[in-house]
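Quick notes on the structure that follows.
Labels A, B and C are assigned to the chains in the order they are written; within every chain, residues are numbered from 1.
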Amino acid sequence: MPNITTPHELTDLRSKLAADAGKVTHTLAICNGTGCQASRSTPVVEALNEQLAEQGLKEKIRIRVTGCQGFCEQGPVVVVEPGDTFYCRVAPEDAAELVSSVSRGEVVERLLYQDPVSQQRMRTESDIPFFRSQERVLLGQNRRVDPCSIDDYIASGGYQALAKVMAGMEPESVIEEIKASGLRGRGGAGYPTGKKWESCRAAPGDIRYVICNADEGDPGAYMDRCVLEGNPHLVIEGMLIGAWAIGAQGGYIYVRKEYPLAVANARTAIAQAREYGLLGSNILGSGLSFDLEIARGGGAFVCGESTALMASIEGQVGDPSPKDVHTVEKGLWNRPTNLNNVETWANVPFIINNGAACFSAKGTEHSKGTKIFALTGRIKNTGLVEVPMGTTLRNIIFDIGGGATNGTAVKAVQTGGPSGGCLPASLFDLPVDFETLSEAGSMVGSGGMVVMDERTCMVDVAKYFLEFLQEESCGSCVPCRIGLSRMLEIVTDIAEGRGRLEQIDLLEELADTVAHTSLCGLGKTAPNPVLSTLRYFREEFLSHIQEQKCPAGVCRALTVYAIDPEKCDGCGVCLRGCPVGAISGAKKEPHVIDPDICTRCGICRSECKSDAIYVN
Amino acid sequence: MGAYAMEGLWNGRQKQPQQLIEVLLDVQERDGFCSEEALREISQELAVPLIEVWRVANFYQALSLKPRGKHLITVCLGTACHVRSAALLVEECFSRIRMETGDTSVDGLFTIEKVNCLGACALGPIVVLDGVYHHHMTPAKIRKLIKSVYKLEEETMSDAEYHNPA
Amino acid sequence: MQHYITINMDGARLRTPQGVSVLDVAIEYGVCIPHLCHVSNLTDIGACRLCIVEHVSNGRSKITTSCTLEAKEGMVIHSNSDRVRALRKNVAELLVAEAPNSRAVQDVALRCGVKNVRYPFRNENCILCGRCVRVCAEVWQAKAIGFVGRGKDRHVDFPFGVRPDFCKMCGTCVDLCPMTITPCNGPMKPGEEYFCGQCESQLTMNADFPDTCVSCDLGKGFQCERQNP
């Protein structure tokens, strides 16, 4: 086990690792992140290993199990290096052919990505539209490392930035570099990172902490899972550099408990870094002593808020505190604490290695660099997308995302999670950056981007977010605890056909009060989804109130389900699927829904293969 | 010495109040829930006031105060899964399984857990059954999944259990 | 040696010892800032949000609770601007709609300018002000009760829901609870709640000087800190 005590020894190790890899001619990079595991990638890894042994190729062809690549719908994904041949939806049965083709320098056509429109087969990432418009500064690194191998990380250039800093950059100059880069917090608030580090360093006190917020509570967002699960050493390196700059001796990575693989990989990485002397005392001979611990979340969205997160690390309930004194001055155990999001920390090594100017060359005037977005919902290509700040919504949703599924039209995109808002299709030419989205009534947030089509009811979306926030509220303060429940009461009235016009005015007034009087960020931003849907989709609210209609056919009290006898072929799938027995009909004959029994749950419509069930 | 202390569950954590959540998560993983006995022991060993242990156990959704069913069905209700009709999956579960009050079935076989995001959003709706992730779930698929568990349970039931159902 | 600082509240320069909250200063000088969860000698938690003020700094105005805001030299505070009053009224309206069955809550709502209640009444018997929890933990050090649960399920309870032997039934929690002060016309049955709109405080005088203290009897037995008990 190499114990690296100087930057020079790190360079030596890197050279040695490169030399050792000499005999290997090809590497198969297989994604085994949470998403691909759900698509059963683990048996693929096993099958490939078996085939390499069987075909006697274990010396020449190496397998690298990687973390999430971000193209989740096409998993399991296998990339062949060199050449970057990109295979998708690989099954264990394909292993034999895949392996033998690699050794012969050939390509297996049927495993290549096939464009759904042109039907063309595409060989590499750079050919595939989903990847072409992206700039995968962070995500691209996932393919190069096995998250459970510190050697992989070092061999691919890892810890180089740390060595550079330890070899002779004063803390103040590190802070200047981060400031110059224009990096802003990637967790949602977009606060200038360099400025935060500077304030924390300046705060009085001898003991300081750095924290990585990997709670990622926004439903629909999984960028942080991907980075922490797939490249935990990148985050550790960023935190080490931050600890040096700020003067911190200890740090925590707070990971949501719902990410067991990220927790496990981060723990492994920390243990490895300790073994190699990169965590502990006198790191790389610099005099910096720093160590990291993992703290798990307990399933509370509010613990993504900085003061609640710190309370949670302290072993308490996650009740936020008023922020009249900032956590950079009094945070964890009342000591100066610098908290940053996973993606923020992950950007630090790039800035140190390549310089602030390289980072700020991408993006807009006030929003520099690239950002990872989780593009999901009713869209063709879902997955993780990394683009320069300033890329338009249209570019992301259509050029990368491929537009809507099922031939329906894209209606809106929800960004920023429960703190953000819904933007209509008419605003899709807006560039995605901090200021622009805030002015439009939403926010960049952590990066969740949920695409909605005509089958999504915006009143229902407002209701969904209110229900979510009300459930996750800690309950300490009146405006959030009671105000949100009253807002939900009103929106529920509207969704169920009892709405009155004057309730919309009350809703907006109450939203303003909740936004300005709540104790913490959860309450303060909670009204955003409602306010943005009212702003851009008011006609849907009016339709529910004045016409008792739900245009998207979602709100149950206002919809009637019926079967079109001309399209129904009597297959009976709906009859068997109905949980309340509202459907009747003989085999091969058109079926009928009894509206008095029907609860409008929608299960029948989702299962009908003839598109025979309609809503009015 | 308490039962858990004898197993060494509190080693290295005595008198460390900040370990409370980690300790509770460990107990939850071990037993499937946090018993009164465990909570009282934790209060003593970690030197945390009993009311604080109780508060933390009630605050965090990952911790359960009642025993869970043999099989845990976790349905993701995050935004991406929601717009793909994940709510239907919960309804399907509740309509196919006879539930006690709360989320555990009468026969103790199932607990249905709703979470607000598992981070596999591109593949939603997601259902996790006993640690195994299932993607692109529909009501029909979850119906099949539940049926398969019932079938498995039936097959592994002993003769004694068969003749004397609980 | 006490160190003194000066803050600017509503145009008046008020001198105060260091280390106290803006609400403490207001109470000391008779500036009326309605409050519910603040009790002297207990830590302030900013739960009820009634004591909100505008804190002006760097040309920007921030709404924050005065009980959790430490008074600092030169601080500029607006305790009764139109904006603050409108927000405070809405918060009080939420409170009285939630828990109308208390004279203290009804009086506070009237004091904050509530004229009518636009939400269907509920009949909760706890507003989670935390007075009981804090006095048990901080004064008696018993820690027999606490806020259990999250969000709308949050309630005050004993560990395991059972009174422990270290609760000595001192009754201080009950003494401090605003919900034990029944409305003047008696308790309101579920379904028969209403906004009372009357109180014994001298509100007519208050209409002329809305931000000064008139030493009112805010809910019998439930007085503003300014009153000597």
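Keep in mind that, in the parts below, a residue touches a chain if its C-beta (ideal position, glycine included) is under 8 Å from a C-beta of that chain, and two chains touch if they have at least 3 such contacts.
Predicted model only: the values in this text are computed from it and were never measured.
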| item | value |
| --- | --- |
| Pair of chains joined by more contacts [C-beta pairs], B-C or A-B | A-B |
| Farthest chain (mean CA position) relative to chain B | C |
| Whole-Å separation of chain centres (CA-atom averages), chain B against chain C | 40 |
| Separation of mean Cα positions, chain B and chain A [Å, integer] | 24 |
| Shared interface positions of chain A, touching two or more other chains | 300, 317, 471-472, 474 |
| Multi-chain contact residues (two or more partners), chain B | 52, 55, 59 |
| In chain C, residues with contacts to at least two other chains | 147, 149-150 |
| Sites on chain A touched by chain C in the complex | 300, 302, 317, 322, 324-325, 470-479, 481-483, 485-486, 489, 506, 509-510, 513, 516-519 |
| Of chain C, residues touching chain B in the complex | 143-150, 157-160, 164 |
| Complex contact set, residues of chain C against chain A | 45-49, 52, 63-65, 68-70, 87, 90-91, 94-95, 97-98, 118-120, 127-128, 147, 149-154 |
| Contact set on chain A toward chain B in their complex | 34-35, 37-39, 72-73, 75, 216-222, 225, 257-259, 295-301, 312-318, 374-378, 382-384, 414, 417, 448, 450, 452, 456, 464, 468, 471-472, 474, 573, 577, 579-580, 601-603, 606-607 |
| Parts of chain B lying in touch with chain A, wherever the complex brings them together | 17-22, 24-25, 48, 52, 55-56, 59-63, 77-85, 88, 91-92, 95-96, 115-124, 126, 133-135, 138-140, 143 |
